[in-house]
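Here come two complexes built around chain A, the first alongside chain B, the second alongside chain C.
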Partner chain A sequence: MTTPSTLTAEELHRTEPVPAGSGRRRPGIKVERVNWPGTIILVLCAVTVLLPLYVTVSMALKTQGQAVDGNAFSFPAPFSIDGFVQAWTLTNFPVGAAMSLLVTAGTVVATIVLAAFASYAIVRNWERRLFRYSFYYLLAAMFIPFPVVALPQIQMTGRLGLDNPLGVILLATMFQLSFSVLLFTAFLRSIPMELEESARIDGATTWQTFWQLIFPLLAPMSATVGIFAFLYAWNDFMMPSLIISDPALQTLPVRQNLFQTQFSNNYHVSFASYLMAMAPAIVAYLFTQRWVMAGVTQGAVKG
Partner chain B sequence: MSLKLTRTPRTAVLGLCLALLAGLLSGCTGDSGKETIRFTFSKREAIGFMTKLVADYNASQDSTEVILDTSGVDVVSASFVRGNPPDIALANYNMETARFVQRGALSDLSGTQAATRVRKDLQPLMDQYGSYPDRTSALPYSVMASSVIYNKEIFAAHGIEVPETWSELLAACDALKAAGVTPFYATWKDDWTVAQGWFDYSVGGQLDTLDFFDKLAEAGTDVGPDSPASFQKDFEQPVEKMLKLAGTYVNKDAASRGYGDGNLAFSQGKAAMYLQGPWAFSEIAKTAPDLQLGTFPLPMTENPEDLRVRVNVDLAAWIPEESKHKEAARAFLEYLYQPEIIEAYNKSQLGFTPTTDADAAPDPRIEGMVEYYDKGSVYQGPSVLVPRTIPIMNYTQALVLGADPAATFRTLDADWARLAFRQ
Partner chain C sequence: MSTTTATRRGQGRPESRSRRRVEPIFYFFLLPSLVLFTLAITVPGLVGIFFSFTDSIGIGDWEFAGLTNYIAIFSDPAILQSYLFTFGFSIVTVLVVNVIAFLLAVGLTSQIRMKTALRTIFVIPMVVSGIIIAYVFNFLFSNSLPSAGAAAGISWLETSLLANPDLAWIAIVVVTAWQAVPGALLIYIAGLVSIPGDVYEAAEIDGASKFQQLLKITAPLVAGYVVINIILGFKGFLNAYDIIVGLTNGGPGTSTRSIAMTVIAGFNGGDYAYQMANATIFFVVAVLISLLQLSLTRGRNTL
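Presenting the complex of A and B:
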């Protein structure tokens, strides 16, 4: 939720100077006019992101007594890192983060590679019925949410010894596959056949053509697919909670579930923990926001 | 682009995958020599206590290594589906756990030392959720008694005694109201607070819930206006009284207040009474650690003999049939039931110890309920005895927010009959 609204705001700001230089601006006016209604709307949008972020940070730094006193916006006084300490030990944070990282990395890599394979095969053999139908088959998975098939999947992963992060990686990849294939196929169609033919003439096999020509060309789309897979795998609660049977191998979101119950609130601990879990995603976003944005629009234009 | 350049990332990816796999496999192998048992514990407030207890047990002997699993109820259900349930559990005893009991998924504990020490008169509380023939599927570990929490300071300041009859209660409320004090703090935004407090205390204080639900189960699909027991016949009067309290003596903003708001407001002395269980004490103490609080059963009749407190089996111990380490789990069970341990646990959580040899030395905050618990003047809340498929909590919330009781109970009767028909 956080990222998209910041994105829109920033995207709009960034594109603002472009029309100025592109000659569409009326010649007589030199002073840049401020679009007040637009600015106000954007400020409001920014507030919807910044306010929760402020509450998260300030809550995390409060003492227990101050966290439940009903003033969410108050400034933490005194500062306390007790929440972080408790969150760190209660979730066994290093292990939880490592598990989340493993599941996420596995899902991202597997999704990109498998979806690219499948899409390449499908697009290049579109005229054959088997490939066309397999495309629809893969897409059909988009209409099946996890809860619907949870029960048989719990049983199956249990029997196959996949009731661990590996099983989660497999299932998460499976669920990500349909959307990723959709993105990749759309993108692949825009890559001219002639490029590939030239590689063939130079004697490249299909495997070589894919790895050395097509896959590098797919990079922007791979980034998009990777970002979606990352967000899904990093934030997912339900699947790991049901599939992973050994609590020691559980991912962060599931570990964090213990802070909030019907009967008690531990706001300072929960928010400290959420902050720690959000940190990698936020840091990753700060460094890659250019590609994230480019990647997100990638699918929209080419589709 | 040469072949070499792409080889490197490919090898790297392969290497990464292998590393991941190795990591997983190494995670599976436990300490050799010790038998490992998985212990599910669902009460999150007491995780600190239990972590220490488990560590003590692991240090005290060399044969068993207990692993504490705090990942919650859904995970347990999934593990039953998968066929690798925990080896032992201490979990809230409710309709959900009862399903495992009824299907015979839990092993018989009647042969254990612990089973002989559990108070026999608590058995109906367990059986009310269902049982499996010739088995003691679960043993109560911690019983929570709940009733009205009251602010002793406010009561003393206005010279009000703890009421023992319905008219005394109304008099007390009127006196408080006249003095400008809100008698009850209600948090109707959270439907469960209406169900467990307002609804359960009113109905349980006036009606024999055990008998009522037995009759109801017997009537099954025939539940309705003509059956021996029905919601529309038996609940109308208690709920009328509940609505009298709810309509006159609560804070004005009750409909928009949640449980967290209630704890805060009550800790700030914004009302004299609060219909919550002992779990609220630790929440109230977060902002007002020294507030003088007490408890008394909500009087619903004119006879002080009728006073009863609501109880529920907050934790029950069970060992699944499918566990591969039953012996080790039983040994740990006996350890958990050692008098000093079970009593220390219940003391820390303001619960009541369900063993016959328990020492009654409770916290002053729950002292007001000891008398009733000891003589067995207890009932289970009707809201927990209705299967979860029927949204009883929402119905009770609708009642305090102005729904017509007669219509609501007709719906409830119809729901019950329909559910009985389906089963």
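Presenting the complex of A and C:
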């Protein structure tokens, strides 16, 4: 957050008039003034984005008595961490967080490594049919929504003993693969061969070249691929709820359905629980904004 | 035809063969992705299509049933309702999302204050878990909105939107749009900043008003991005699941059941083969939309 200027911000600034007093500005054209009505409208719009988040935080900090009084927008008075204490034990938060963390870390690492491996092989052997067709084959997953293959996958993971977080890691990684391979291959094509050839002249094997030269060069793409795998794996409800059969191994989003059936009037507990499940993704986003924003644009334009 | 292949073969083959053979390590890079992808997605997909022609209930014996399932689906009111609901909801949401995202993008690229902070806020909904934010909105729709409706004397708001079979879809559109606007917004911002600033300067010198500039310059130049956003959004909304589960769980009755929810319900309902036929049809629909996307966005990769 210390560097609010992001990739898209830099692009934005290109189209802005250079501030008054700067020598580069051509004379004779009036400097555009700050658009205050626009600023005010956008701030009001931003409130609608923040309102549900404010409600979550304020409800989570209320006492049980204040939480059931029906006013969602009131400020917590007095502050209470009772909701968090109860949510911690009720949802078995440490285990849920560990499962979410396991699924997320596994998906992120597996997606980056497998996609980078495959993309490198594909780009360097593009003239070979096997590699060229593999690219289109892996990309075809973009055509397949999860619900289409969900039923057979539930059966298969059940039979193979993968009806647990490991199965979710495998499936989530495979569904992330097309987008990731697309980003990696586009980037790899822009790396000049000469760079690699100089490493080869120094006697590096392909394995060494990949890890010491290519993989570090891929870092910005890995960041984008990684953050999207993170957001998907951390936030997803559908896949873990269907694949993981043992409730004790469920991830955080799935555990929240507890409050839809039981404890449905303990709003301060449920909102504390929601907050604890949402916060890591929001914090991760605040620190990785530029890759999130770049990823959306690249994914859309290249896909 | 034959001569061109012959010359291409004559030129290309020996050269590339003498240049190098595929290093075995590249197979090691590619094969893990290919094998896992095939096992996790292709095989379940084919198994599902196979069973859609049987009378399997998911376990035990089964017999071939030909096209029985497919014929039954086209006269099943529950399935037709889920298709109508899903397509109607997707069309409305796509329109809402794109109008809001485009206006916000125009605002965020104009001369406003707090540009970076506002953009950071507007992207937050994208990184929040769908099911959890649906639970939060569920609370607002069932508690806060009815009391606000009662206070304002609007009778149809006094009961929860979510309990009204005719209006529950509005709540789903609101929450889905809340979460989907950021993705479309970022793509529109990328489109808007790609328009060179001198186009606007020239228009200004010719006396075009801000509104005329928006209509005559901005809108046509971002048309490609509109197409991308509409198709990406539509594809995503057709898979709607998490947010609906969190808001209405398909209810009241089955009025807000999406296609994905009917398919998944088949897993517990014992009509496995039947829902696999449904999923296969859904797959064909998804492929057709993706092919439409490819034909509309082909040649736009330079955007």
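The definition used in the following text is that the second predicted complex is superposed on the first by the 226 of 303 C-alpha atoms of A that agree within 3 Å, B and C clash if a C-alpha of one lies under 4 Å from a C-alpha of the other, contacts with A are read in each partner's own complex, and residues count from 1 in each chain.
Convention: a contact is a pair of C-beta atoms (placed from the backbone, for glycine too) under 8 Å apart; a residue touches a chain by one contact, two chains touch by 3 or more.
This structure is a prediction, so every number in the text was calculated from the model and none was measured.
Engineer: In the overlaid three-chain picture, which partner chain does A:Glu197 touch, first (chain B) or second (chain C), both, or neither?
Structural biologist: A:Glu197: touches no partner chain.
Engineer: Have a look at where A:Asn125 lands relative to chain B and chain C in the superposition and call it first, second, both or neither.
Structural biologist: second
Engineer: So, does A:Leu231 touch the first partner chain B, the second partner chain C, both, or neither?
Structural biologist: In the superposition, A:Leu231 contacts chain C only.
Engineer: Of the two partners chain B and chain C, indicate the one touching more residues belonging to chain A.
Structural biologist: C
Engineer: Looking at the overlay, does A:Pro52 come into contact with chain B only (first), chain C only (second), both, or neither?
Structural biologist: After superposition on chain A, A:Pro52 lies in contact with chain C alone.
Engineer: Scan A:Gly65 for contacts with chain B and chain C and give back first, second, both or neither.
Structural biologist: Only chain B; A:Gly65 stays clear of chain C.
Engineer: Quick one: classify A:Leu242 as touching chain B (first), chain C (second), both or neither.
Structural biologist: In the superposed model, A:Leu242 contacts both chain B and chain C.
Engineer: After lining up the shared chain so the two structures overlap, which partner does A:Leu151 touch, if you call chain B first and chain C second: first, second, both or neither?
Structural biologist: Both partners.
Engineer: Once chain A of both complexes is superposed, is A:Phe117 in touch with chain B (first), chain C (second), both, or neither?
Structural biologist: Touch partner of A:Phe117: chain C, not chain B.
Engineer: Can A:Pro253 be said to touch chain B (first), chain C (second), both, or neither?
Structural biologist: second
Engineer: Hey, what residues of chain A end up touching chain B and chain C alike?
Structural biologist: 70, 150-151, 154-155, 242, 259
Engineer: Give every residue of chain C touching chain A within the complex, in rising order.
Structural biologist: Per the touch definition, chain C meets chain A at residues 12, 16, 22-23, 25-27, 29-30, 32-34, 36-37, 40-41, 43-45, 47-48, 51, 58, 104, 107-133, 135-137, 139-140, 143-144, 147, 178, 182-183, 186-187, 189-190, 192-193, 195-197, 201, 228-229, 232, 235, 238-239, 241-242, 245-246, 259-260, 263-264, 266-267, 272, 275-276, 279-280, 282-283, 286-287, 290, 300-301, 303.
Engineer: Within the complex, which stretch of chain A touches chain C?
Structural biologist: 4-6, 8-9, 11-12, 14-17, 29, 32-36, 38-39, 41-43, 45-46, 48-50, 52-53, 55-56, 59, 70-73, 114-115, 117-118, 120-122, 124-125, 127-128, 130-131, 134, 137-138, 141-156, 170-171, 173-175, 177, 181, 205-207, 210, 231, 234-238, 242, 253, 256, 259-260, 267, 270-271, 274, 277-278, 281-282, 284-286, 289, 292-293, 296-297, 300-303
Engineer: Across the complex, what residues on chain A touch chain B?
Structural biologist: Listed in rising order, the residues are 64-65, 68-70, 90, 102, 105-106, 109, 113, 150-151, 154-155, 157-159, 163-166, 208, 211-212, 216, 241-243, 245-250, 254-255, 257-259, 261-265.
Engineer: Quick check: in the complex, which residue numbers of chain B touch chain A?
Structural biologist: Against chain A, chain B makes touches at 1, 3, 6, 10, 13, 16-17, 20-21, 23-24, 27-28, 38, 44-45, 47, 67, 69-72, 74-75, 78-79, 81-84, 192, 259-261, 263-264, 279-280, 282-283, 286-287.
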